[in-house]
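Okay, so here's the structure we're looking at.
For clarity, chains are labelled A, B, C and D in written order, and residue numbers in each chain start from 1.
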Amino acid sequence: MDEPGTGRLETFSDGVFAIAATLLVLEFSVTSGRDLGHELLHIWPAYLAYVTSFLTIGIIWMNHHHTVSFIGRVDRTFLFVNNLLLLTVAFLPFPTGLVGKNLRGPGEEAAALAYAGTLVMMAILHQVWWQYARRNRRLIADAAPDSALSAVDRAYWPGVPMYATVFGVAFFSPLAAVVVTFAIAAFYLPSAALFDR
Amino acid sequence: MDEPGTGRLETFSDGVFAIAATLLVLEFSVTSGRDLGHELLHIWPAYLAYVTSFLTIGIIWMNHHHTVSFIGRVDRTFLFVNNLLLLTVAFLPFPTGLVGKNLRGPGEEAAALAYAGTLVMMAILHQVWWQYARRNRRLIADAAPDSALSAVDRAYWPGVPMYATVFGVAFFSPLAAVVVTFAIAAFYLPSAALFDR
Amino acid sequence: MDEPGTGRLETFSDGVFAIAATLLVLEFSVTSGRDLGHELLHIWPAYLAYVTSFLTIGIIWMNHHHTVSFIGRVDRTFLFVNNLLLLTVAFLPFPTGLVGKNLRGPGEEAAALAYAGTLVMMAILHQVWWQYARRNRRLIADAAPDSALSAVDRAYWPGVPMYATVFGVAFFSPLAAVVVTFAIAAFYLPSAALFDR
Amino acid sequence: MDEPGTGRLETFSDGVFAIAATLLVLEFSVTSGRDLGHELLHIWPAYLAYVTSFLTIGIIWMNHHHTVSFIGRVDRTFLFVNNLLLLTVAFLPFPTGLVGKNLRGPGEEAAALAYAGTLVMMAILHQVWWQYARRNRRLIADAAPDSALSAVDRAYWPGVPMYATVFGVAFFSPLAAVVVTFAIAAFYLPSAALFDR
C-alpha cells in the first residue's frame, strides 16, 4: 500500500474527461419558433466552440492516458495535482458556453479571455503534473525507457507558450483566438500527440 | 508503444456513448401547474425524439464496440476520426431537443433537418472510421477472419444512404423523417446489427 | 463471436444507471434571495422525490448487476430489451422532477401518475428482460444452479404488481403514491434484494 | 454468491463520484452582454464553491476507493449505507450552486447552512459506512492488517466534528464557513489522506 499504482487515478480521470466532453452540448440554446433555421445558422460560434473544446479534451485525455502508462506509483502530491488538472478540464464547458454565446457580440473579449485563460491553466497544470512525476524519475515505472520520457517532454513543453499566445491574441481578436485554438486541436495536437511514433 | 491497443479508445468512447444517451432526458421541459396532465400528452414529439435517439445511440454503441473487437492496433488518424465520431454522437441531444420542441410547430423543418443532418454526419464518420481501419487490413487484428470483416462491411454500408434519405424526407414531412428514423432504430438496425449471426 | 458475453452490455448499463442517478440533482431549482431558507424547506417534495428515485435506481442497478452474473450469453433480442430497460431508467429524472415541482400543487395527480407509470414500465421491462433470458435457460450460464434462478424469480415477480398498486394509489392521493414508492425503495427492496442470502 | 465482492459497488460508486464532480460546472450562470467581464469577476463565490466541492469530492472518492481495498465482502446493509452515502455526494452540486449564487447576498446564511449540512451528513454516512464494515472485522478482508484499519480510523474520525464546526461557523459568517471548507479540502484532507503513509 506504500506505493499505490495508477488504477484509481485513471478511473476517476477517465470519467471526468468523458463527462466534461459530453456536457459541452448542454451549452447550446436556441429559442424555438419560425426563425429556428436562421437561428441555427446564426449560432455558428457555438459550433466552433463546441468542436474546439471537444477535440481539445479528447486529445488531452489521450495524452494523459498515454503518459500515465509510464508512471509506476503515485503519491499524495501527485494525486492532488491530478485533481487540480481535472478541476480545470471539468470547468471547460463554462467558458466554452461563454464563447459560444458571446463571440461576435459585446462580451466577446471577456469570453475569449476566460476561455484562453482556462486553457493556459490547464496546460500549466498538465506540465506541473508531468514534471512532478518525471523529475529524477520520482514516480516513473522502472520499465519506462528514458527515450520515452524525452518524447513526453517534447510533446508537453509547447502547451503553455501556445495557449499563452492564444490568450494574448484574445485581446486583439477574440475570434482569431478561438480559431487558433481550433487549429491547434485539429492540426497541431494530433501531429504532436504521443500515440504514434 | 508503437502499436497501442484499443483499450484507451474504448474507455473514452463507452463513456461518451452512455453519457450522451442519458443526457437526452434533460431536453424535456414542461411548465408546472393545473394543465400538467394535458401538457404531458401534448409533448409527444419529445417522447418520440427521446426514444428514437436513445435506441439509435444504443445500437451505434453496440456496433462500435463489436467492430473494435476486430481492431488490433490504433494510429493517430484513427484516434482522430474516432474523436470526430464521438463529437457527433455527443452532439445528438441538441437536435433531439430541437425536434422534441418544434415538431408540429413552425420550426419543425429546420429541427428535422438539423436532426437528420447530424445522423448523416454520424453515419459518414462511422463509415470512414471503419474503412480507414479495414482498407488493406491496416489496423485489423491478425486473428480476425476476412468473413467477419465482410459482415461488418454489410452492416455498415446502408447507414449513409439510409440517413441521407431521412434528410430528404425532412424537406417534405418533418414528422415522417423522425418516424422513419425511429423505425430504423427499432426495426432495421437491431436486425442488421452484428451481435448475432 | 457467436455467443458474445455480457461484458459490453454491462459497461453501457452501468454507465446509464450511475449517470441517471446523478442527473436527478439537476431537477432542484430555487430562486435565490432573502427567502432562500424558507424556500429550501418548502421544496420538501423535491427531496422526497430525489431520495426515492436515487434509492430505487441504486437497487435496480444492483439487481440488474447481480442477475447478469447468471447470464452466460446474449442475443439480439436480449440486447434490445436491455436497451429499452435502460431507456426507462434514463427517463426517470424527468418524472422525478415533475413530482418534486408539483406535489401539493395543482399538477400533482398528473405528476404522480407520470412517475408511477414510468416505474410500472421499468418493472415490466425488467421482468421481460429476465424471463426472456431465463425461459428454458435460453441465455443462462451452464454453471448457474436452478435454485439461484428461482431466487431471482422470487425477487422479481412482486415488481409489477407493486408499482401497479402505486399507480392506482396516485389517483386517490399523489402524496401517498410517492411515500409508498419511497417505502418500497427504503424498506422492501433492500430486504428482497439478491445480494445477500 | 454468499459473500459477493466489492466490484459491483465500486463501479457504481466511481461513476457517481466522477459525475457529481463534473456536474458542478453546470451551476455557473451569467447573463451575456457588454458587462460580461465585470460579471465574470463578480461571481467569485461561484468559483470558490466550485473549487471547494470539486476538491472535496475528489478526496472523498480517493478515501472511499482506498478503504474499499480492505473490504473483502459486502452485505445488504453495507450496500444500502453505501447508496445513502452516494445519494449525499450526488446531492452536493445543488448546495454548491446555492452558495455560488447567494454568498455575499441576502440568502447567504441559508445557502451556507445547506452546504455545511450536506457535508455533515456525508461525513456521518462515511463514518457509519466504515464502522459497519470494520466492527469486529465484519466485512474486512482476511489479508488486511489491524494496523491498516487503525490508520483508516484515524483518517475518518475528524470528519464529523470538522464539518459540524463548519456548520456552526455558518451561523456567524457564511463566507468563513465556505473558506474553512475550502481550507479543509486544500490543506487538511490531502495531508490526512490515506494514499501515502
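As a working rule, a contact is a pair of C-beta atoms (placed from the backbone, for glycine too) under 8 Å apart; a residue touches a chain by one contact, two chains touch by 3 or more.
What you see is a predicted model; the values in this text were computed from it and never measured.
With steps allowed only between chains in touch, the distance from chain A over to chain C comes to 2. Both chain A and chain D derive from one sequence, and where they touch, under half of the residue numbers involved are common to the two copies. Taking each chain's centre as the mean of its C-alpha atoms, chain B lies 25 Å from chain C. Chain contacts: chain D has residues 15, 19, 23, 26 touching two or more partner chains. Of all residues in chain B, only 14-15, 17-19, 21-26, 28, 30, 32-37, 40, 50-51, 54-55, 58-59, 61-62, 65-66, 69, 148, 190-191, 193, 195-197 touch chain C in the complex they form.
The touching residues of chain A, when paired with chain D in their complex, are 1-2, 4, 8, 11-12, 15-16, 19-20, 23, 26, 74-76, 79-80, 83-84, 86-87, 90-94, 98, 101-102, 105-107, 109-111, 113-114.
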